[in-house]
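Below is one structure. I have some questions about it.
Letters A, B, C and D mark the chains as written, and numbering starts fresh at 1 in each.
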Amino acid sequence: MNKITILIHCNDLSGIVASVTNFIAEKQGNIIYLDQHVDREQDIFFMRLESEFIENNFSTEDFKDSFKTSLADKFEMKWRIYSSENKPKMALFVSKYDHCLYDLLGRYNSGELNLKIPFIISNHNNLKPIADNFNIPFYHIPVTKDTKAEAEEQQLKLLKSHKIDFIVLARYMQIISGKLINKYPNKIINIHHSFLPAFVGAKPYHSAYKRGVKIIGATSHYVTEELDAGPIIEQDVAHVSHTYTIESLIAKGRDLEKIVLANAIKLHSNRKVMVFNNKTVVFS
Amino acid sequence: MNKITILIHCNDLSGIVASVTNFIAEKQGNIIYLDQHVDREQDIFFMRLESEFIENNFSTEDFKDSFKTSLADKFEMKWRIYSSENKPKMALFVSKYDHCLYDLLGRYNSGELNLKIPFIISNHNNLKPIADNFNIPFYHIPVTKDTKAEAEEQQLKLLKSHKIDFIVLARYMQIISGKLINKYPNKIINIHHSFLPAFVGAKPYHSAYKRGVKIIGATSHYVTEELDAGPIIEQDVAHVSHTYTIESLIAKGRDLEKIVLANAIKLHSNRKVMVFNNKTVVFS
Amino acid sequence: MNKITILIHCNDLSGIVASVTNFIAEKQGNIIYLDQHVDREQDIFFMRLESEFIENNFSTEDFKDSFKTSLADKFEMKWRIYSSENKPKMALFVSKYDHCLYDLLGRYNSGELNLKIPFIISNHNNLKPIADNFNIPFYHIPVTKDTKAEAEEQQLKLLKSHKIDFIVLARYMQIISGKLINKYPNKIINIHHSFLPAFVGAKPYHSAYKRGVKIIGATSHYVTEELDAGPIIEQDVAHVSHTYTIESLIAKGRDLEKIVLANAIKLHSNRKVMVFNNKTVVFS
Amino acid sequence: MNKITILIHCNDLSGIVASVTNFIAEKQGNIIYLDQHVDREQDIFFMRLESEFIENNFSTEDFKDSFKTSLADKFEMKWRIYSSENKPKMALFVSKYDHCLYDLLGRYNSGELNLKIPFIISNHNNLKPIADNFNIPFYHIPVTKDTKAEAEEQQLKLLKSHKIDFIVLARYMQIISGKLINKYPNKIINIHHSFLPAFVGAKPYHSAYKRGVKIIGATSHYVTEELDAGPIIEQDVAHVSHTYTIESLIAKGRDLEKIVLANAIKLHSNRKVMVFNNKTVVFS
């Protein structure tokens, strides 16, 4: 059984859904998921479709070629087609905080995540024992002001040689350069420990404490060159009160960060997220 | 501009989506919403579609006829087609509690609800002044053990003469007979003041207090002959603590009841709910 | 039965709780609620206490005098003592939006609110029929750039003559002057339709739509001279998605605004909120 | 600096708070936390107090003796006093599910939990590698119908020899006998994968799927002899929809189970939970 996922966006024209579903029918595919969205302001059509093909000699590459010439060119679509056989490869960037790392590796080991983790990169050595426990290669690449460019070269080399599909900054605490971002556009996922756009930048829990908010949040977003301003994938919040100190806000926030980041990773790796105009369409 | 909404369910066969979307394309419709769901356990296909037709002489009745012969019969569909011109007519049944009534009439007056309220029925006279303030006809139909059948006859007469589409029990506090239920299958919406299936029946807040739960809930569901066991449309919950008395649970619960019932009414009147096998499919 | 509520804050010294509870015991009071909080950063002690006094000739004024000389002066307390007999008087300021008004008057009529509403003030005449339905005096005081000072004089006169205790801006949409704010410090409650400090100022739902947030919020706070920057009393949020238009964000937000404002009013009128250093302590 | 926590409950009499706080003041203690609750139905007074003592030769044992004779006997209190020096010892019981285990051991290693885990017991060997990674002794004690009594003897021996304070069933999947429960009354914490009292017993996610609920939950409670009917410590819920299969309900539920169990463990180990009449008082 072959299963593919198709993601499309293009200008909204009538007849697109009929054309795509006819095409699948012709190829003897069985649609098992179809959702679409129209951004009425921009007149952009978005679609996500999953289809199964029973045929023995089904080829994803042939399907892609045919899709391109029969449909995509005609409607001037931006499109991506994924075979369910290929699990995406995720590189984990961490620093000194371990809670997201424990959470993600626990989920990974339990088989909850539909992806591969070829390696972990960190600018510090502190979390190496955890990587070792979970048998994931760990590369310690220190980053200082002076060595930042060089360090990114090392990172890029590792990312290329392992054919990494996307990067997750699990509280990595370093600013990523435009050079690296442009090589992985909408493929670098960050977890920010506030309810964006409130409390952009460093020490959001301190700012939340000072402002006396009654709810704290966490936000997972794609990294763009503007700090904490990329397309938001997932957010969640928790109620707090005057009894919380900065320390207890941080402790409460850790659980938010873990779950929001894990959910964003699941959505991305299951090809449920599309980006347009610095916003996401997140299919169910 | 004509706008219609189509709801379909049938056995899951390949080619349904293509057939329906082709049909819309042939009729020069522009699909503005399409979502589908497959119940894999029962192999049932569900679909909701909204389409606009620019044509001046578009007729919903002609469209229905054509849909039936071209599509519905072929796939053995259960289907409903609604024109956006027809606002559904909702009858409100109340008793002595006023919070849901105030909430719904406030929303109604603000233009938030896509429906008409031809009248309110109550077994008590207490809430008549509120109906008067909002200029809605109010029928006082007392119900006792002995007069129950007779009272329902009066209700039915009113429902028929006003061509009521669906009934909302806004804390009506009376059990509806099978006779009335069968005339309005999946068209009578109740609000139950607990997180069903916990605390079925009378005095759920008292039971919640006794059990010491840390969360209370409210559930809106279609009425079936089995008490509080019909298809669930919407649920919501709120956190509580040991400091709550039964009275403060009831007060907190009122806000849940109002919002859950209002949301269920919006979903139903916007034709977003399908029922199958005592469960709902609720489209976004 | 006499019931009083005491709110205290002062520098944190040992022995305060013992002194206060001894004082109550001497006066033959029965403590039915006591909660305290210490702000460790500022070394400030906060306390809320409810006590019942069975004595027939109990006098709140005598109690206050005795409290002041025996306790408050010694510990240099800021303190307030309220008798449960006196319901606070709340002035409602509205403009053209009716959802918070319907919600509050519905609750008021149901007896859910522990306060009196002597009148409603509005800069427009649109909502007068609602005030009339609920039999609340409605004063139409138009506000333009040129007449603003004069209009506030009229408002102040009404506020004084009715001995108003606190003011609620139920989507009033006008900036309150420093002069009025200073006459009602921490006694003017506003509802802002965003999750503050995100989206300060006008049109927060438009900004939320543009930023592509996955959660929207509402915030009730005391009005200070800095816009939307006063002490936060209550916040709540709701999940949204890419399918929401600005209009549907606004519709979803209305329910948040209603509940957050109603909760803030209940907390304030039940004397559960203390303000220090632009933050609130909100007792349960 | 010595810090102690006092938990008290007794019949509600006037003067208790004054007596206790005076007692602390006499011992030169500084109260850093005080909260109290009165169950008005049962007329029971509950209190939690934290106090610091600067004195060099402060003895918790002497304090307890003095507390007993001066206060506890007089008011016929049930009371417990804990020194912050003693971290409670928690035994973890697991079976084959690893998500709660990973979560708890990750938190434990990060220093988030104020307790010690001397060992893990399981009726299966599957999770031994995880225990090994985290360097926690793992005892495999198989349980069959015939060997159940014998297995519990082994468990009891381990519990006693390590002076275990409380037991956590992290998806242990076995019914605990009355004998063991009575040795650890209100000291065995279970996580049930439903919103109790809905879906008591086995396979709650299957029941939730069948009933078509729109919200699922998890409940942590103390184990009593009646199945899933003990005092509830903590509950949380998550919204679901018709698109969820049983498998995806289970996946979603895992995150609820992890967080609800972790929170219940924190509350218990920080001595914030009191039990009375099969309900909990959970202090903040």
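Just so it is clear, a contact is a pair of C-beta atoms (placed from the backbone, for glycine too) under 8 Å apart; a residue touches a chain by one contact, two chains touch by 3 or more.
Note that this is a predicted model, so its numbers are computed, not measured.
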Chain labels contacting chain A and also chain B | C, D
List the interface residue numbers of chain C and of chain D, divide the shared ones by all numbers used, and answer same when the ratio is over half, different when under half.
-> same
Winner on C-beta contact pairs when B-D is weighed against A-D = B-D
Mean-CA-position distance for chain D and chain B (Å) = 42
Euclidean distance of C-alpha centroids - chain A vs chain D, Å = 36
What parts of chain D, by residue number, touch at least two of the other chains?
-> 241, 243, 284
Would you mind writing out the residues of chain B in touch with chain C in their complex?
-> 98-99, 102-103, 106-107, 109-110, 112, 133-134, 241, 243, 251, 254-255, 259, 262, 284
Which chain A residues qualify as touching chain B in the complex?
-> 14-15, 17-18, 21-22, 24-25, 28-32, 34-36, 38, 239, 284
Per the touch rule, the chain C residues reaching chain A in their complex are 37, 39-40, 195-199, 211-215, 217, 231-237, 241-243, 245, 278-282
